[in-house]
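Given below, in the form of structure tokens, are the structures.
Two complexes are shown next, each including chain A; its partner changes from chain B in the first to chain C in the second.
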Partner chain A sequence: MLQILFNGLVSGLLVALPALALALSFSILRFANFALGAMLTLGAYVIYFFNVVLGWPIQFAALVGIPLGGLIAVAVDWLVYLPLRGRSGVTLLVASMGVALVMENAVRFAAGGTPLGYDVEPARPTRFPSLDVLGGLRVNHEQWLIAAVGLSSLVVVWALFSYSRLGRAMRAVADNAALAAVRGVSLNRTVAAMWFVSGALATAGGLLIGLDATLDPQMGWNYLLPVFAAAILGGIDKPMAAVFGALVMGVASELSTLVIPSHYRTVVAFGVLAALLLVRPWGVFGQARVTR
Partner chain B sequence: MAPYFLSLMMLIAIAGIAALGLNVQWGLTGLVNFGLFGFYMFAAYVCAHLTKSSFDPWLAMVVAVVLTALASACVSLISIRLSDDYLAIVTLGAAECLKLVVIHEEWLTRGSLGISNIARPVAGDAPLLLLTLALLGGVFVLFELVARAPLGRAARAIRDDPLVAATLGKHVLALRLRLFALGGGAIGLAGCLHAFYYQYIDPTQFGPILTAYAFMNVIIGGRGSNRGILLSTFTVVLLLEGTRFLNDYVAWLSSSQLAALRLMLVGLGLILALIFKPEGFVREYRLKVGRSSGAS
Partner chain C sequence: MSAALSLRRVHAGYAGKDILHGVDIELEQGGALTVVGPNGSGKSTLLKAVVGLLTLSRGSIALDGKPVEALNALARSRLGLAYVPQERNVFANLTVGDNLRLGWEFLHPRMEASAWRDRLDYVLQLFPEIRDRLSVSAGLLSGGQRQMVAIASALMQTPSLLVLDEPSAGLSPRNAALLFESIARTRATGITLLMIEQNVKLGLAVADRGLVLVAGQVRLLAPAHELLTDDRLHRLYLGTQPGVPVTH
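What follows is the complex of A and B.
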């Protein structure tokens, strides 16, 4: 039981970073970014390039790859979303589908479709004998890494969002873009910063998912639905609430494997999403507005 | 050459029917259906299954189309009262889940083995092509009529501003549901024809790329314009499928790399069309009010 809960929390952390990225872009630009899955894939492969092709240790590869992922997201914004700003959310939505196609197939073009893995040293799982009364707990090396990277990224983003000038600017734009502009908050700079954070988070998410399983061009696409479900569960315009949603989704999907075969995880995510949209579309922490 | 031409025309006609269906849903009514491929797959499987259980192929097609229309209505009901983003993710989610079911429930769908030897309503490739072209024409005429009918006007009103439409006494929810089901029916028809044409279906044939093709056709043709969509299907699909010839000439790229390149082109085409030609190449039908000679 304890093991299932723990695994659920870890797989929730996997979803938390991209869900946070999605909620960030939704809260500021008011559009659902379907290219997030592809961004995650691309980021994972960028780190793969440094890690395996150039042979760097995974820490350095991640340190270089994550900011690079952020820069890619800023570049995409500049090339695609900036010319479309001011158009309806639906236009941006469809454009993000196009971006997803380009990114995913660029990966497929460069790296092929076969699953790949990071170059990480295998290590023995850690056991906790003192917890045996609760059913025992073993933690993989990968799970330690996921927990460490996931939690520290969340803390960094939370601190940035709550205490920095930039974070305040982001919250102001999310709340009321026109008012923020009147008060001298530069929209373009804030949006660029948001894309940087969002791209970096997606890349970090891709790294974690690649560590947890393998890399393949479809990896991000397969996570898209759980990520959306998590973000909507928390309240899609409340970035930090998406983290809560992701953890709940992780535990729920891990628990569901007790009754439903594990290849139906996506179906569980969809079920949660559908139920939520019927009953409480603004999420657990969101306010009942903007949904119509 | 003749068999190739035949299969090309077949692909174009099927893509055209799917794009016309999407045009009713998204172009006319503004409902984003990212799960197009799921409904298409649903229809193909229902149709294949029914013909396998010795139904008449014609009857199987009709049943599959009706069921797909109903299924799209049911899926859209989850979020049709919410804003467009939610419908996009719900339809996409439904399609992905459906695909998982098709892959894993082997007792029902034979999983990755696929269903083979699907019976056709007419024998031979050429008659089937004629049938498909006739159905494409039929769907086109029907949707042109819808676009000019009060239903089409209401659809455009809902797309442009649901609040105003509701204020003027239109039942937004019911209209959306009806139009989404109508478009879903056309998408289902395309799925049936897919099953008839290939006579073999498996899960790998159906993916988000079908959705992307349909969106590209609608955007380039002009949202809401059925004529534009016919035009863009014939040119865009022709160009994209034509790149398959490149396989013989560019030896330094593997065929999977070329496939990836082709999909990148589709994505790029979507983005460029949205940025530079958002209204498409053919304007949608507008009822002219007042003196038709004077204005514009």
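What follows is the complex of A and C.
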């Protein structure tokens, strides 16, 4: 039981970072960024380049690759979304689909379609004998890495969002962009910073997914649906709530394997989402919006 | 000395249709002008044009003699203009303290922390009712307190021109009176004030001059104390006969 709960939390962390990235861009620009899956893929491959092609240790590859993923997202904003600012959310959504296609095919062109893996030293799993009374707990090396990178990224973003000048600017623009402008907040700078954080989070998410399994050009698409589901579950305009949604989805999926075959676990997570949407379509922490 | 705000033959509106038709306004440094007029006369449109949320179709606007009609709201705020909209005028998801900090920090990025604390103390003296609400989410405040936070946030910008859009809208008479006591204290600091207000009596009480806007045109401009008893105000604004008290 303990093992299942832990696996669920780790699975949730895999989805939490991209879900947070999605909710961040939605809260400020009010559009669903379908390119998030491709940003995740591209980020994972950028780190692969440093780690495998250049032979850097995974830690250094991540330290360089994650900010680089943020810069790529800023460049995409500058090239694609900035000229479309002020258009409807549907226009931006369609543009993001185009961005996704370009990114994914760039990865396929540069790295091929064969699944790849990071160069990480194999290590023995850690066992906790004292927890055997609760069914035992075994944590492998990748799970430690996922937990460490995932949790530290979430803490950094939470602190940035809650206590920094930039975080206040992001929350202000998300709340009321026109009022933020008359209070002296630069919309362009704030949006660029948001894209940097969003791109860095997607890249970190790509790294974690690549550590958990393998890298392939479709990896982002495979995670897009759970990422959207997690963000909607928490409340898509509440960035930190997306983390809650991701963790709930992860634990619910793993717990379901106690009663149904494991290959049906994704269905259970979506069942939870469907049930919630029936009673609270704006998510657990989101706010109902009235459109007149 | 150039005027704090100068509008020359301003035309502006929405979707190619002008709401303002050649508005001229001259507001001297330290002056206070209250704009009144019936619903649909273009008062809010006038303020949006002044603060840079609406592009002029013709005419010019100058702040302290500097032409600003080509500048957006952000650039005008950097020139010393602070605006309080009628609705959605606070960041509801931020605390009162964060609302006030936000009014300060983006226009004074390099000033010391002591300057920020001094300014906060100064503004809270003008709005003592919100002093113990700094950690409360602004969305949870009463209407009157929310207006006070909105004006206080604007004052944190250390503006030279404060622009208020119907501050008493939606407030009970008691809360409106309390709010205008704070506006009167703010006015006494010597700040230049441009305000539109439906409550004519309250609005003109804190102004030097009153302006009646009807159908997007200036129809009357007079000292505030004279305007309250001017028969033409009754005809233009209220559509009533002289002798009816102006209390809204």
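The definition used in the following text is that the second predicted complex is superposed on the first by the 269 of 292 C-alpha atoms of A that agree within 3 Å, B and C clash if a C-alpha of one lies under 4 Å from a C-alpha of the other, contacts with A are read in each partner's own complex, and residues count from 1 in each chain.
One rule holds in what follows: a contact is a pair of C-beta atoms (placed from the backbone, for glycine too) under 8 Å apart; a residue touches a chain by one contact, two chains touch by 3 or more.
This is a predicted model, so every value here is computed, not measured.
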| query | chain B or chain C: which reaches more residues on chain A? | reply | B
| query | So, does A:V46 touch the first partner chain B, the second partner chain C, both, or neither? | reply | neither
| query | Looking at the overlay, what does A:P281 touch: chain B (first), chain C (second), both, or neither? | reply | first
| Which superposed partner A:R183 touches (first chain B, second chain C, both, neither) | second
| message | Contacts for A:L273 in the overlay, against chain B (first) and chain C (second): which applies, first, second, both or neither? | response | first
| request: State whether A:A241 touches chain B only (first), chain C only (second), both chains, or neither. | output: neither
| query | After superposition on the shared chain, which partner residues are touched by A:W221: those of chain B (first), chain C (second), both, or neither? | reply | first
| said: Looking at A:L101, would you say it contacts chain B, chain C, both, or neither? Reply first, second, both or neither. | reply: first
| note | chain B and chain C footprints on chain A meet at residues none
| task | Enumerate the contact residues on chain B facing chain A in the complex. | result | 30, 32, 34, 78-79, 81-86, 88-90, 92-94, 96-97, 100-101, 104, 208-209, 211-212, 215, 219, 256-257, 260-261, 263-264, 266-271, 274-275, 278
| field | Of all residues in chain A, those that touch chain B in their complex | value | 26, 31-32, 34, 80, 83-84, 87, 89-91, 93-95, 97-102, 104-106, 108-109, 112-113, 221, 224-225, 228-229, 232, 261, 263-264, 266-267, 269-270, 273-274, 277-278, 281, 290-292
| message | Can you tell me which positions in chain A touch chain C when the two form their complex? | response | 165, 168-169, 171-172, 174-176, 178-187
| remark: Residue set of chain C touching chain A in the complex reads 51-53, 72-74, 76-78, 82-83, 85, 88-94, 98, 101-103, 105-107, 153-154, 157
